[in-house]
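What follows is a set of structures to go through.
Next, two complexes with subunit A in common: one pairs it with subunit B, the other with subunit C.
After this line comes the complex of A and B, so read on.
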């Protein structure tokens, strides 16, 4: 893990950009002097402090993998949540929070990794996988990269424009409720046949990263094992959040 | 000195003294694990304790079920910040399992089906503090929550309560397990907020 200073130290961070990604999702770019960069797939603790000193902390995956003090997080609004509605609906450029990290040394991709990679994301589970796509592109890595991204409908996709033009990654879209007009695959959840269709390309067995809601991750990981993937090469990350 | 976040009020303050610092209450039972969920048939399941002499104590499913089953009600605390109060488990006390085990070592590495490991001092497994749990809320423990059997050490962050438990190996030193090698604290006391290493 790359670190400057101890991960237990809270650092002040200023919101320098905010972009609505979907009706419920928003990207925030934070500038945190002393952050010192993170690996693709790591996350950060974000702390908010109210005027009376009350604090709330949540962990968010980081969508970027930069060497400097900036990071992009993407937050999906959890109905009845305490923190995510504030980050999606209220916080503005110039406002401050605190961050701690980077955290997690398991669900990460490093530019020196050369084996083929299969990324499978559900909903806002795309966030750490997006960091990997960006790190792969920025490094000019020749490791074969595929992304399978499952969303309810086109309007629920995070980073759709960027994924449409990203180089070095082959993207397969799975629409579970409503597909675009004329889309060949009928809307429906990701099944074994979708993943088996990828195998036809004849790559050597990839390392797999799966991220999304628990039900999605359980289902996809079980399916991968059932069609012959080595469980030891499947890394999963699930989110609950609030 | 913390930075204040403009406009953030937070919701009603949770004043419950059962809530460790930095945790929030959840009614759900979130799932966290590093890979696919292993599916282990109880016919094939076995639990072992191995000591420094190489001696191995073994229990198959039938033998485990024949031991005294405790009803356990405890609060559980996940390092990802959720706390679930008053969870109800059924299982066998580690005191029962260690009754016939002799070891001069003070540390334990827990090993799971699927390859997960986590380290715990022996003292944290004894004196009514830990169990091999096979039931949750009166039902068999579901695979995604660690079934057929998981370690249950509710006074430590919940990653220490290894799912799909397969065995315990006595160790001379406190070697780091899986998450402990990946940035998390060696001991994990939620009341001291021992989250990260």
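After this line comes the complex of A and C, so read on.
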């Protein structure tokens, strides 16, 4: 028997803005009365209901960290996915979905945290890290913030313009397939030497947040431990295809 | 879904059962005695049927089944579970 207190856990949310970020990625701003804000790094479950009643639920990280009822999610299209193609290609401003959350009390950064932070994102794994960059900037935090963002090519980057002008965060770009002309680092996967180069910059041991596809996250986490990071200070979030 | 995720993805489903977000609750694996936050455990399956495995020894900790708005969790591989983070 279901407990009655939980029937309202899903909130109606209206798409109030939609922006194409990359050829396969799209930002959606949702307005969900009663949402009440979220911490940087949290996610929302999004539920779609088909006309025949069939429902599909997926989790999406939130790129914003606001106190109000609006949230920005960013979705990368998974070609054989059930939900992401709809959110990237079909849903429009004014359409409704349902959301549950905010969710996740572990992979979060709070403005009162003062220790150095290293954010490492692969592909659309930038989304919760972007919320942390935004929250850090909005709070005027003096916690040292560094972001390593791995993308296939410049065209695949989410939030590139915003990251170019963001204050209070040092951004290192890793291009895995094609780097811009004249880029010093040849295109290639993120390796220990890339992270060791950051270490040489002299930070005290940072708190680390790693988000991306499962293979990326596990490779980066293993590399971090191999070069001496404390596993207890590494938090990870894996993205699936859906 | 071909690859595993992690316990972050369970927050919504399990919060329906527990009433609060369980992401940073700690549990101990009955097999290897590893203690981890739920968010860090490995999660396989689909939103209707998740299998949660120990990040350290791969033993099954929990199975989370969701059907017709009802959630059922088996806890065979968990020695203890606490909200003391």
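Operating definition for what follows: the second predicted complex is superposed on the first by the 233 of 242 C-alpha atoms of A that agree within 3 Å, B and C clash if a C-alpha of one lies under 4 Å from a C-alpha of the other, contacts with A are read in each partner's own complex, and residues count from 1 in each chain.
The rule is simple: a residue touches a chain if its C-beta (ideal position, glycine included) is under 8 Å from a C-beta of that chain, and two chains touch if they have at least 3 such contacts.
This structure is a prediction, so every number in the text was calculated from the model and none was measured.
*Asks:* Put subunit B and subunit C onto subunit A via the superposition and say whether they clash or fit.
*Replies:* The answer is clash.
*Asks:* For A:93 in the superposed arrangement: first (subunit B), second (subunit C), both or neither?
*Replies:* neither
*Asks:* Given the touch rule stated above, what does A:57 touch, subunit B (first), subunit C (second), both, or neither?
*Replies:* After superposition on chain A, A:57 lies in contact with both partners, subunit B and subunit C.
*Asks:* In the overlaid three-chain picture, which partner chain does A:17 touch, first (subunit B) or second (subunit C), both, or neither?
*Replies:* So A:17 meets neither subunit B nor subunit C here.
*Asks:* Going by the contact rule stated at the top, is it subunit B or subunit C that touches a larger number of residues on subunit A?
*Replies:* Partner with more touched residues of subunit A: B.
*Asks:* Mind working out whether A:222 is in touch with subunit B, subunit C, both or neither, as first, second, both or neither?
*Replies:* Once the two structures are laid over each other on A, A:222 reaches subunit B alone.
*Asks:* Is A:9 contacted by the first partner subunit B, the second partner subunit C, both or neither?
*Replies:* It touches subunit C, and subunit B stays clear.
*Asks:* I'd like to know which partner A:67 touches here: subunit B for first, subunit C for second, both or neither.
*Replies:* Touch partners of A:67: none, neither subunit B nor subunit C.
*Asks:* Just to be sure I read the superposition right, which of the two partners does A:232 touch: subunit B = first, subunit C = second, or both, or neither?
*Replies:* Only subunit B is touched by A:232; subunit C is not.
*Asks:* If we overlay the two complexes on their shared chain A, which of subunit B and subunit C does A:205 touch? Say first, second, both or neither.
*Replies:* neither
*Asks:* Contact-wise, after the overlay, does A:193 reach subunit B, subunit C, both or neither (first, second, both, neither)?
*Replies:* In the superposition, A:193 contacts neither subunit B nor subunit C.
*Asks:* Check each of 27-35, 63-71, 99-107 or 135-143 in subunit B against subunit C and return the one that clashes.
*Replies:* So the stretch of subunit B that bumps into subunit C is 27-35.
*Asks:* Do any residues of subunit A touch both subunit B and subunit C, and if so, which are they?
*Replies:* Correct list for subunit A: 56-59, 103-107, 214, 235-236, 238, 240, 242.
*Asks:* What part of subunit C is in contact with subunit A in the complex they form?
*Replies:* For subunit C paired with subunit A, touching residues are 1-6, 8-9, 11-12, 15-16, 19, 21, 23-24, 37-40, 47, 69-70.
*Asks:* Which stretch or stretches of subunit A touch subunit B in the complex?
*Replies:* Interface residues on subunit A, with respect to subunit B: 1, 7-8, 10, 12, 47-51, 53-59, 82, 86, 90-91, 95-98, 103-107, 214, 218, 221-222, 224-225, 231-232, 234-236, 238, 240, 242.
*Asks:* Along subunit A, where are the residues that touch subunit C in the complex?
*Replies:* For subunit A paired with subunit C, touching residues are 2, 5-6, 9, 43, 45, 56-59, 100-101, 103-107, 213-215, 235-242.
*Asks:* Quick check on the complex: what are the subunit B residues that touch subunit A?
*Replies:* 2-11, 13, 22, 24, 26, 28, 30-38, 80-82, 114-115, 144, 178-179, 181-183, 196
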